[in-house]
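The two complexes that follow have subunit A in common; it is paired with subunit B in the first and with subunit C in the second.
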Partner chain A sequence: MESLTFNIDNGYLEGLVRGFKCGILKRDDYTNLVQCETLEDLKLHLQSTDYSNFLANEPSPLQVSTIDDKLKEKMVIEFQHMRNHAVEPLSTFLDYITYSYMIDNIILLITGTLHQRSISELITKCHPLGSFEQMEAIHVASTPAELYNAVLVDTPLAPYFIDCISEQDLDEMNIEIIRNTLYKAYIEDFYKFCEETGGATADVMCEALSFEADRRAFIITINSFGTELTKDDRAKLYPRCGRLHPDGLAALARADDYEQVRAVSEYYAEYKLLFEGSGTNPGEKTLEDKFFEYEVKLMVNGFMQQFHYGVFYAYVKLKEQECRNIIWIAECVAQQHRTKIDSYIPIF
Partner chain B sequence: MGYLAYYSGTSVVLSVLTLVGLYYLLTDQGYRVDFGWFLEETSPYMWAYIGCSMAIALSVIGAAWGILVTGTSILGGGVQAPRIKTKNLVSIIFCEAVAIYGIILAIVMSNIVQKYPSDASDKVIAANYASGYKLFGAGLTVGFSNLFSGLAVGVVGSGAALADAANPRLFVKILIVEIFASAIGLFGVIVGILQVSNAKMGEAAGAN
Partner chain C sequence: MGSLFRSEEMSLCQLFLQSEAAYACVSELGELGVVQFRDLNPDVNAFQRKFVNEVRRCAEMERKLRFLEKEIKKDEIPTLDAGDNPDAPAPREMIDLEATFEKLENEMKEVNANAEALKRNFLELTELKHILRKTQNFFEEEEHSIVDDAQHALGVDDSRPIASQAQPLQLGFVAGVILRERIPAFERMLWRVCRGNVFLKQAEIESPLEDPVTGDQVNKSVFIIFFQGDQLKSRVKKICEGFRATLYPCPETPAERREMAIGVMTRIEDLNTVLGQTQDHRHRVLVAAAKNITVWFIKVRKIKAIYHTLNLFNLDVTSKCLIAECWAPVVELDKIQLGLRRGTERSGSSVPSVLNRMETSEEPPTYFKTNKFTSAFQAIINAYGMANYREVNPAPYAIITFPFLFSVMFGDAGHGLIMFLFGLWMVVREKQLLTVKDAGEIWDTFFGGRYIILLMGLFSIYSGLLYNDAFSKSFNIFGSSWRVTDDFPIYGPNKSTIISHIQLSPNSTAFQGDVYPFGLDPVWQLSGNKIAYTNSYKMKLSIILGVSQMLFGVILSTFNHRYFKNTLNLFCEFLPQVLFLLCMFGYLVMLVFYKWIYFSAIERNSNCAPSLLIGLINMFLFTYPKAPCSSHTFYPGQQAVQTLLVVMAVLCLPWMLLVKPFILRWQAQRKIGGSMHHRSTRQVPKVTNINGDADDAAEEVVHHDDVDIIHIHKEKEEEFQFGEVMIHSAIHTIEYCLGTISHTASYLRLWALSLAHAQLSEVLWTMLFRIGLSMNGYHGSIIIAGVFFAWACCTIGILLLMEGLSAFLHTLRLHWVEFQSKFYTGAGYAFQAFSFAQIMEFKTDD
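Moving on, here comes the complex of A and B:
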């Protein structure tokens, strides 16, 4: 019965987001972009797509970082427009999407403050989707407890900090632990919200979020080999809303090297395929690339159903991937290093 | 939470009905539950006008719901693909047609209703009662079939608008689905017309 009542509050926004999705670059556009010789060429080719004149007012010579900023700005404007028009429960859903960017911004600000960078310089590097009011005040804190009481208790992320307050000091290692603990709390909360919403939203989003949780578990495990992170600490960082919970996570917590991680993935059909095709030899895709590819496939499938909120999440993820693709191509073009220019991930 | 309210509500209603029924049964008052008395005492005008109002009211609910479902999608899709605006008005017209079927039948039905004297012969009174039931039945037929037809056209029209915005060649194919959805409303109207075709009220009712 969702199809009868969804359009009352969300019909316009769904139509709008599908319009934006139709503007996502296709294979032909990428073929054109790959043949560019300079960044000015790239700008010219992007003018004939949905991006039109977004780089019109930039002074030449064009920098790749400017292109990155303007690409992000366009996506943020579209997202903010939709967020402003949304009512409950879509507005809560869109807010949940922004929390992951907020977490990244907080960690960026804390790390920058530790390295004595100026706050204004750091603010410009933050992702605009994840901005919140107290961003400027982060530099006053030196322990997580102070940080929480002074700044974060008023943000929507306050409930996720309960697990981190026990840390003693903010230093390099602990920052990453804070990031992953926050992200774990966030993704489990988001998963619960989508499950409660039910219907097609739960179908699309729970699959996407369980993949994201499993991907984080794999990446955390692989990155922790050779660092001081103990296995118990590592096990506390795994989000529990994926397919790997509980057996896969327990096995991952015990893993010591890449081969054992690969062995864990053998038990799960989808992940087995991802690990099989990947490697670090030239000509093979890396594991990260295979994860991105799988995510793109899930997001594209999200558009196949109508009357659910998953299309908004899928749109944000696909635009992000498109940004990454264009920046990859722009970097290859700018540095005239065209051997791996075709390693972008095609979306449509 | 929704399930709790639903189950508790249904169980309260069912238990009240069971208890009332058992009370009548066990205190030897079963004769008081008398459907024949009810049908004889209620006026045929009540049935006729309930039928008339159901015809137009439910049809309009169906049409309105359908227009709301498809209209919002057309607006949303039309922002990035303005070419869909005019073609997709066809979906709105299909929804509207459903309301028109309802109003036709409501007008036909209200024209049939005439008054009859209370001292008329039994044959006339019987014919009037029969017409009252026919109009009631026809009203329900038309009302519900148009309600669901309007809903179906609305949901399909929404999909048609969004598909058209993505790929213009899809619109005509999806329109065929909408035509079938609209046809079921038409079936309801045809049956309704048949049902009222020999309904006559008033003094001349029992003439043939």
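Moving on, here comes the complex of A and C:
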């Protein structure tokens, strides 16, 4: 039934996003990009891809940051175009995608103000997808409660923030806790929304969000070793919609070192593979990269099904990965540091 | 015109260009636009090619030009497009150009930066002016309330000294300007953060202000916030900063404010004069640039195109000359030689450039030299598929058949005349209309096909006259050969009532016996059996036209077979095909003519004439019944002739299917035997090559490679797969045989659309226009004007546009499917010349 009516509202946008997806750089493009000697070469090669003239009006010499801005700008323009043409419930779905960028922006701004950086300097670093009206006034708040009352209460993030109000003041540790609590609430809410939407959207998105939740749980656990975060507090930060929930999360909550985390992953076939393939030695991929790789695989698979919203999420994630790849290569080229240039994550 | 029958003969050429002359030569070739360069280093990345730096410099120059163009557009200065076409400048001129652009860009940037700073200053001052003006009101209101408050307080408690009373009233305030759309959120946040302890007044600035960076007009509002205490002050300031509000110092006493306002006004005036001067300077610079910008664009694009082309070339070992490979039409080779010589002379090089023709087994590109008349027809053919190299080109035949078949469906002299006049207008005003750019896709399509429209209109007038049909009315030019006589079927059975539907019969005495000299007798327009009469005529006509066109197509295939020296196809494809077609539908056409000539209403009873359709069916069933008179034979001995024809047609099937594959297999088997012997002898020279000395070796290796290529090529031919050939032949046979039948039936659309068109135009006349014509009195004249308007709109919209498009599409189909499938492969690739003219056109499209 869904496939009958899907195209009435969303056919154009799905077609559009699939078209955009075809513009994502292929393996051949990356092999060419890696061979570039200078950023000018990079620009020349990107001209022959779907990016075409996105750098044409930039005077040389090019900066990596300019490339980054332009990459983001292109993605944001595409996303905004889709958002402007979307109707319910797709528009809500697309809004959900932007919430994670909003969380990142808030955290960035709070951390920045904590370190006495000027707000105008920080604003340029914010991701344009996650900007909102009250964002720039965020530095009036000095406690989480103020933050909530003054800034966030009007934003869609308000319900996620309820759990953090009780924190006393804003220091590094608390900011990190706020970030993770926000993410937890966000992912769980998004998960619920996708479940309610049902159909192929639920199939694809629940898988993607479970992975996202589990990845966060793993990372939180690993990063918490050697900090003053108590195990109870830690357990509160785990998003409870992944495959790890509930047994895996309980085990993670008890973990004391990396080996124990690894032992938890043994019970889950797909995560076991990720942990086995990773390492910190040269030549080995880091766990983070492994997670990214797995995410890319999931997202590419998202395009296999039709008539669902997952493609929009997948496209944004893939595009983000592509930006990371290009920036990585550009940085390596700019700094003449070619030994690690190959550690990008090809998408197709 | 003669060249349109087949595509141009092409030849693969190798060019040896001296490095210093290469640029000038390529520039000359670009002006000529008759060569297609091949990429000789397809494996090399875009940024690893030889002239990548020059290309990059061109891109940079283009960027600067685009920047200038944007600035020129912003100031709405008209650019001068004289339509002149400067030559590509010499490479050394590139530096001058670069310097000019650099200078212009810097100047422009400087002016812009100045202007921006001035504008920002101006904006700030204007905002301040507004603040001073608006806050004046605030303070006045405030003063009253404060004084009231103070008096009120004094009234309540007299014992307190006034000084202490004034203390808590020491309110701080900030004033500023903010974007109007941010006010609600700003107000809400102020309220929340300061817990309602501030007082905000705001007023809109009526006139929009100009943003100095983007130049957009923005609406802003003045606000003033009163608060108490330093803590609140810092918070308020932070919020203001967060909402990008600009704060201005505002004096507290009215006198100071007035003074400041006067100061601001004088400064604004000063700034205005400075701003005016900056604008004038900017305008002067841009006007100077606008004069040349089109020429610069062309120059830079030409340079860029030349270096792009040079990047396709191979570098000689000694790097003294560049080697290029290109396809060029043989007839243009002299021109190319001349161009190369000119280029060499221009560059001052002493060594001439060499052009070598190469032998190749590769399929050359297809190139048609068209003019403005033939290009539209060629485009119709190319839209189906680019012709194979030197294949028979259907376009010259389509010039006549296309408008003709269209007119058979569109046959109406009135509509044809309108279409013809429209086409004529476009053709006559061609030059003026060509200069109109960006008129929309629909107009471009019509204008591109102006000659087709002209011819279609002309042919439609002709067939409309044949059908004697103009806006569904007939002309009685030569005088009808029917007279109203006693037995004219206008009267009912008892000769007193007049019946509305006249049934004409040539057997009655109403028919005078002589035939109307041209086209249809106009009397048929009045008769009730007109459709029955024209249907029979048009149906037969469609079959005759269809079979002749298909037969023509099959005959055209012989030109292909003979040109490509394919005798096998001539005997195993063409012959059975033409026999098959003639035995079935050629015979039918013959019977049609026979029936027309032999049977007439008066001499032989045409009511009892044999039916063509039943006759054709019976021919294949081998039944010849005697019962109804319409299934009698046409002529004695018909049974024997028809049996023979059917047997021949059936025999054509195995002929088409089997003969060719088996002959090919026999040839292949014979060849394998021969080449086994051939290959063993070739081993010997290879060995000697390896033993040869080093200098020779390089040359020999090339040679050896060549041999190998030929060898591989031969082997490819040798790989003969009988199954594949058989399947191919089966598909071909089935397609042709079924196609012959279905295509003949498909030509009946000529009749169907013609009928539909005639009926539709008749409906429009009787349902619309006749209402107006049958009105009496003065009001009738008004109504007839309105009705005519409606009728004319419907005629143009429905009959000319929609019906015309549908007839056009059906004609297109008849050509692509029914006609071209008989001989046209259309699997070639187009010749894409390196031509400046095309590059410029494409760029302006962007």
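The rule we apply is simple: the second predicted complex is superposed on the first by the 348 of 348 C-alpha atoms of A that agree within 3 Å, B and C clash if a C-alpha of one lies under 4 Å from a C-alpha of the other, contacts with A are read in each partner's own complex, and residues count from 1 in each chain.
Everything below uses one rule, namely that a contact is a pair of C-beta atoms (placed from the backbone, for glycine too) under 8 Å apart; a residue touches a chain by one contact, two chains touch by 3 or more.
What you see is a predicted model, and the numbers here were worked out from it, not measured in a lab.
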Query: Which holds for A:S60: it touches subunit B only (first), subunit C only (second), both, or neither?
result: second
Message: With both complexes overlaid on chain A, does A:Q35 touch subunit B (first), subunit C (second), both or neither?
response: second
Query: Which holds for A:Q306: it touches subunit B only (first), subunit C only (second), both, or neither?
result: first
- request: Of the two partners subunit B and subunit C, indicate the one touching more residues belonging to subunit A.
  value: C
Message: Per the contact definition in the header, classify A:A150: touching subunit B only (first), subunit C only (second), both, or neither.
response: second
- request: Pick one for A:A269: touches subunit B only (first), subunit C only (second), both, or neither.
  value: neither
Task: Figure out whether A:S3 sits in contact with subunit B (first) or subunit C (second), or with both, or with neither.
output: first
Touching partner for A:L16 - first (subunit B), second (subunit C), both, neither: first
- request: Enumerate the residues of subunit A that count as touching subunit B in its complex and touching subunit C in the other.
  value: none
- prompt: Can you name the residues of subunit A that touch subunit B in the complex?
  reply: 3-4, 7-8, 11-20, 22-23, 306
Message: Looking at the complex, which residues from subunit B come into contact with subunit A?
response: 65, 68-69, 71-81, 151, 155, 158-159, 161-162, 165-166
Field: In the complex with subunit A, residue positions of subunit C that touch it
entry: 45-48, 52, 56, 59-60, 62-63, 66-67, 182, 185, 188-189, 192-193, 235, 238-239, 241-244
Field: Touching residues on subunit A, where the partner in the complex is subunit C
entry: 32, 35-37, 40-41, 44-45, 47-48, 56-60, 119, 133-140, 146, 149-151, 153-154
